[in-house]
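Presented below are the structures under discussion, each in the form of C-alpha cells.
The same subunit A turns up in both complexes below, where it pairs with subunit B and then with subunit C.
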Partner chain A sequence: MTAAQQSSRIAGVAQRWLRRLPAYAVLTFCAALLLFPLYVTAVYSLHPLTEFLNEGVPSLWPSNPQWSNYFKSGSGVSNTPIGRFLFNSVVVAVVITAAQLVTATLSAYAFAFLRFPGRNVLFVLFLATMMVPLEVAIIPNFQTIQWLDHHFRTQAWLSWTQITWIDGYPGLVAPFLATGFGTFLLRQAFLSIPGELRDAAEMDGYGHWRFLLFVVVPLARGALATLAIFAFLQAWNQYLWPLLVTNDPDMRTVQIGIAAEASDVSRINIAFAGTITAFLPMLLLVVVFQRYLVRGLFGGSVKG
Partner chain B sequence: MARVFFQDVTKRFGRVFAVRELTLEVHDQEFFVLLGPSGCGKTTALRIAAGLEEPTDGDIYIGDRLVNYVAAKDRDLAMVFQNYALYPHMSVHDNVAFGLRMRQYSRSEIDRLVREVAETLGIGDLLNRKPGQLSGGQRQRVALGRAMVRRPQAFLMDEPLSNLDAKMRVQMRTELVRLHRKLGATFIYVTHDQVEAMTMGQRIAVLNDGTLQQVGPPQEVYDRPANRFVAEFIGSPAMNFLEGGVVRENDRDGIRTPEGFLALPDAVSAEIRQQGVRSFVVGIRPEHLTPVAEQAAAAFEGTADLVESLGSEQHVTVALKETAIVVRLPSSPRIERGATLRLAVAPEHLHLFDAETQLRVGP
Partner chain C sequence: MTVADQYAGRRSWAWPLGRFLTALPFLLPSMALFGAFVFYPLGKSVYLGFFISNPFRTRQIYVGFDQYKDVLASSEFASSLLVTATFTLYTVAPAIVIGTALAVLANQKLPGIVIFRTIFSSTIAASVAISAVFWLVLLHPSIGVLNEAVEGVGFSRVNWLRDGGWAVGDRATVFDMVAAWFIDPNWALISVSLATVWMNIGLFTIIVLAGLQTIPEELYEAARVDGAGRWAQFWHVTLPMLSPTLFFASVVGMIFAFQSFGQIDILTQGGPVDASNVLLYSIYQTGFEQPFRVGAAAVQSLALFVIMLVLTLFQFRLLAGRVFYR
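On to the complex of A and B.
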C-alpha cells in the first residue's frame, strides 16, 4: 500500500466518523441525562453523613468514600435490617414471576391452540384489563384483601390455614399472579408456532399438556424469558401496593424500607446505599437478559 | 387390512362446505391421489381421515372399523405435512423418535428403529442436526422418516412436495413411488399438481368445490374425463373447448361450431339422438390436433399467434375466427409466428360435454 493510498483511506474513515458525530453527540447527551440521577445516588451513597449536614450542595465526587454505609442499613424506626427487606422483595418478585409464567402460559395456550365459543370476546376482555391502570384497581383490590383478611382471621373453617393477607406474602402477591399483558405477550408468541406442529404431535399421541411442555414452551422460551423479566422488574419496583397492605416493618419490601429510611435525615446516606443495593439485582437482570427485553417486545421471538 | 373408506362424508365450516357428501374407497396398499385446485377440500378430507377434524356428517372406516370416534393417535395412520411440521428445537433423531416416545419402546429399540429408517431414506448422517440446518429435500425426508418409523397402516400426505424446487420434486416423486412399493402400505396423497397425480397415482380422485368429480386410474381419467371440469383440470396444455350444436351435413352427424364442422363417430351420434341433448361443448386435447395440407380435410384454419418451444415439442396458439386453440406439435418442422395452419382432429378424439350439465356425453 502506498502512502497516498493509506492517507486517502484514513481520510475516508475520518469522514465516516465525522458524519456520525452529530448522532453520537445527541445520544451521548441523552445517555448522560438519563444516567445523571443514578450517578448522584451512587456518589451520595458513599458520602459520610457530615457531607449532608454542611452548607451547600453535597459534592458530586466521592472524595471520602464510606463503604461502611452499605453495611449499616436498617430502618431507623424499626431496626429491621435491609437484608430482611431484600428477602421480602425476592420472595414477592419470585412468586409473582413464577405465577405469571404459569397463568399466562396456560391462558395463552387456550387462546392460541384451543377452539371454544366466546374465545375472541374473552380475549378482548383480557386485553381490556391492560387499559386499567394499577391506581384505579388499587382500592377495590385493597378492599378485597381486607375482606379476605377479616374472614381468614374470624372464621374457624378458614383461620386454621394461618394465611395472613394483610402483613403477609399472600396479600403482597395476590393481585399480580395473572395479568392480561402476560397472556397477550405469550399468545402472540404461541400463534407464530405453526398449527401443523400441533397436528403432528396429536398424530403422535401427544395431548395438550405434553405438547405444551415438549414443544410450545421450548419454542417460546424467548417470550417466556421476556415475560419473566418484566414481571420480576415490575414486582421488584412496586411501591404503592406493598405500602398499603403492610404495616409490620418485617413484611415490608425493599422499596418501602428504603423510603422509611430516607425519612430519617440522620440516615440519608444509608438510604442512598440501600437504593443502590436494591437497584443492583435489577441492573444485573437487565444486562444479562437484555436481548429478551428488546426482542420480546419488538418482534418474533420464536422463529429460529 | 388398511382400506380407507369415506361414506357420505360432509364437513362444514360455518357456511362453507369444505367437503360435500364424499363417498370414496381407497384400497389396501394402494397409492391413491386426491387431486384438485386449491381450496377444493383435499386437506380437509385428509384431516378427517387422520382424525384431526371431525366430519359434520358421514362415516370413516379404516379396514372394517368405524373410526369416527377413534382418536387420531389410535388410528394407526401417519401424516406428512405440507410444511414438514418438524419440531425446530429438536434434532433430526429426536424428531423421528418423537412419536415412538409415547408408545412404550425401549431407548435402544427407538435408536435402532430411527437408524433403520434414516438409512432407508439416506439421512443417516444428519441425525444430530436441527431442522434449520437442512435443505428442503432433507427436511422432506425427515418428515417421511417420522411417518415411517411407526410402521403405520396408511400414510396421509398433504402436498408433501410443494415446497421443493422443480428438480428435487421430480426426484422425490420417483422415490415416493419406490417407497410405496417397498413399504406395502396404503398411501393417500393430496396434490393440486396434475403431473404428480398422473405419474404417481394408481388411482386418482378429482375434487372440486368439495365435491368428488371422478375416480379412476390416471389414464382413464385423462382419456375419458367425466365432466368439463376434469377435462380442463387434467392435461397440460389444457384441453381446448368449443361450443356448438348438432347438425347433419353430407349425410354425417356432427357438431357445428363457430370455427368449423366436426364430424362425430357413429356410436356417439346414435347416443346423442337417444339422449336428446342439443347444445354441446366439444373438447379437443392439444395433442390430438394434427396439421393437414388440403383444406377439405381440415376442421379449422387459423394463424399461429404464439409459439412456445420446449425443445422436445412446441405449443402453438392458433388464432381462429373467434377463439384461439392450442396445438401440441413435434419440434420440427418449426412453426413460424403468422404461419397459416390447417388442423384436423379424428372423430374418436372428440370429447363431448352437455353444455347445460357439463357432463360427458357418449362413450
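On to the complex of A and C.
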C-alpha cells in the first residue's frame, strides 16, 4: 500500500466518523438528559450533610465525597440499615419468583399436555386473573392476611408454627405465588414442543411428572427465564402491598425503606445512598436479561 | 342396553373423571391461590360495599346499594376520576412520544449504538420508589435543582410538590378548566407525572425498539428509491408500520397509570387538597386511614376493577394480533 493510498484511506475513515458526529452528539445529549436525575441523586448521595443545610442548592459536583454514606446506618427515625431492607426484598422477590415458576409450570403443563373436562373454562378463568390486578383487591386481601395473623397468634394449634402474617414474609408473598400471565406465557412455550416427543417419552415409560421435569422444563428454558425476570422485577418493585402489611421497620422492603428514609431530612444523604444502592442491582439485572424482558412484554411472541 | 353402550357410558363418565384427577395436582396450587387472593376478594368487595361500619368499627350496618350510590355519585369520586384521567393524559402521551424518539435514534446503524440502547431503556430498572426519590431530588422545595434551571431561564420558582393549581368550582366547564390550567397549573400532578414519565421511558423505548425490528428493510429501500428523505421515511414508513405497537404501548401505559400509587405516596400524598389524588390513592386513604371506611373503599375498588377490565380486554385484543393461538 502506497503512502498516498494509505492517507486517502485514513481520510475516508475520518470523513465517515465526521459524518456520524451529529448523530452521536444527539444520542449523547439525550442520554445525558435521561440520566440527569440519576446523576444528581448519585452526587447528593456523596455529599456530607452540611451541604444540604447551607443556603441554596447543593453542589452538582462531589467535591468532598463521603463514601461512608453508603455504609452508615443506625441513626435517625429508623435504626434499620439499608442492608436489612435489601435482604427483605431479596427474600420476598426470590420466594415469589420461585413459587411462580413452580405453580405456573404445573398449570401450564396441564393446559398444554393434558386433556380433561373443563379445560377451556379453567383456562379462561386463569386468563381472567390477569384482569384483576392486586390493586383492585387490596381491601379484602388485607382483611384475609389480618384474619390469618390473628388466628396464627391466638390459636394454640397454629401458634406453635411461629408464622407471622402481618410484619412477616408469609404476608408479604402470599397473594403473589400464582400467576395467570406466567401460566399463559409457559403454555405458549410448551405448545411449541412437538407431540412426538411426548409419545416417545411415553414409550420409554416416562410418566407426566418425569416428562415435565426432564423434557419440558429444559426445552422451555427461555420462557422460564422470561417469567423469572418478570416475576422478580414485579416482586422487587412492589410498593402498596408491603406498605399495608408491614409496620415494623425491620420487615420493610427496600422500596418502603427508602421512601421512609427520604422523608427524613436529617439523613437525606444516606437515603440517597440507599436509593442508589437499591437501583444498581436492578440496573445490572435488566441490562443482562433484557432480551427475555422484551419477549415477555409481548406475551412470548417475539423471538428475543 | 348393549355392552357397547355401557362401555360408552363408562367412557363418558369414568374416564373424564380419571383425566380430571390426573390434571388436578398440576392445577390445584394455582387454583387454590387464585381462589383465595383473586376470586374470593372480588366477591368480598361486592359484599363489603353493602355495609358501613360505625366510627369505632364495632358494628356493621347493612345499607344495601345506598353506599354504591353515595360513593359513585360523590364529588370526591368524580374528582379522583378526573385527576386519574388527567394523570393518564400527562403520562402516557409524553412517555410514548419520548420513547419512540429515543427508540428511532437508538435504531441507527452506528458503532457502539448498543450502549445508547442500554442507556435509553435503563429506566425500566427503576422502581416507583426509586424514580420518585430521583425526582424528589430535582423538585424538592429547598434542595431541588429544577427551580434553579427555571429561574435561570427567567421564570419564577415553582412550588412543585405543594401547588395544586387554581381551584375550579363545581360547575366548571372544560373551558374553565383549561383556562385555570393556564393561570395556575396543577404542579403537584405534573410533578408526579414527571417522575412517572421518566420511569416509563425505558419500557416504551424497549417496546418501540422491538416494533422497529419488525419493519421490513425493503420498505425503506422502496421509499429511498422514491426519493424519500429521512424525515419522509419516518412519517410515511416508520410511523404507519409502528402504529399497532404504539397502540399497544398506550394501552399498557393506561393500565400502569391506573395502578400508580408509590410515586404519589412519596411525592405528594395525593395533595394538596386532592390535587393529585388518583383513584387508587383515594382507595388507600378511604380504606386504610381514619375513619377506615372499608365499604366505601371496596366500592371504589370495584369501579377501578371495571376500568382495568376494559383496558386489559383491549390489551388482549391487541396482543391477539401478534400471538399465535392454538
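We take it that the second predicted complex is superposed on the first by the 257 of 304 C-alpha atoms of A that agree within 3 Å, B and C clash if a C-alpha of one lies under 4 Å from a C-alpha of the other, contacts with A are read in each partner's own complex, and residues count from 1 in each chain.
By definition in this document, contacts are C-beta pairs under 8 Å (C-beta built on N, C-alpha and C of every residue); 3 or more make two chains touch, one makes a residue touch a chain.
A quick note: this is a predicted structure, and the numbers were derived from the prediction, not measured.
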Simultaneous placement of subunit C and subunit B on subunit A, clash or fit: fit
Partner chain in contact with A:Gln290 - subunit B first, subunit C second, else both or neither: second
Subunit C, subunit A and subunit B - angle at the middle CA centre, rounded to the nearest 10 degrees: 90
Most subunit A residues touched (candidates subunit B, subunit C): C
Contacts of A:Pro194 with subunit B and subunit C, given as first, second, both or neither: first
Contacts of A:Leu219 with subunit B and subunit C, given as first, second, both or neither: first
Contacts of A:Gln66 with subunit B and subunit C, given as first, second, both or neither: neither
Touched partner set for A:Phe116, first subunit B, second subunit C, both or neither: second
A:Gly205 touches, of subunit B and subunit C: first, second, both or neither? first
Subunit B and subunit C, minimum CA distance [Å, superposed model]: 7
Where subunit A meets both subunit C and subunit B, residue numbers: none
Contact set on subunit A toward subunit B in their complex: 194, 196-197, 199-206, 210, 215, 218-219, 304
Subunit B residues within the subunit A interface of the complex: 47, 50-52, 72-73, 77-79, 81-83, 85, 87-89, 98-99, 102-103, 132, 146
Subunit A residues touching subunit C - in the complex, by the definition given at the top: 20, 23-24, 26-27, 30-31, 34-38, 40-41, 44, 52, 57-58, 60, 102-104, 106-107, 109-110, 114-119, 122, 125-127, 129-144, 174-175, 177-180, 183, 188, 191, 208, 236-237, 239-240, 243-244, 254-256, 258-259, 262-263, 268, 271-272, 275, 278-279, 282-283, 285-287, 290, 293-294, 297-302
Sites on subunit C touched by subunit A in the complex: 16-17, 19-20, 22-23, 25-27, 29-31, 33-34, 36-42, 44-45, 48, 101-102, 105-106, 108, 110, 113, 116, 118-138, 142-145, 147-148, 198, 201, 203, 206-207, 209-210, 255, 258-259, 261-262, 265-266, 280, 283-284, 287-288, 294, 297-298, 301-302, 304-305, 308-309, 312-313, 316, 319, 322-324, 326
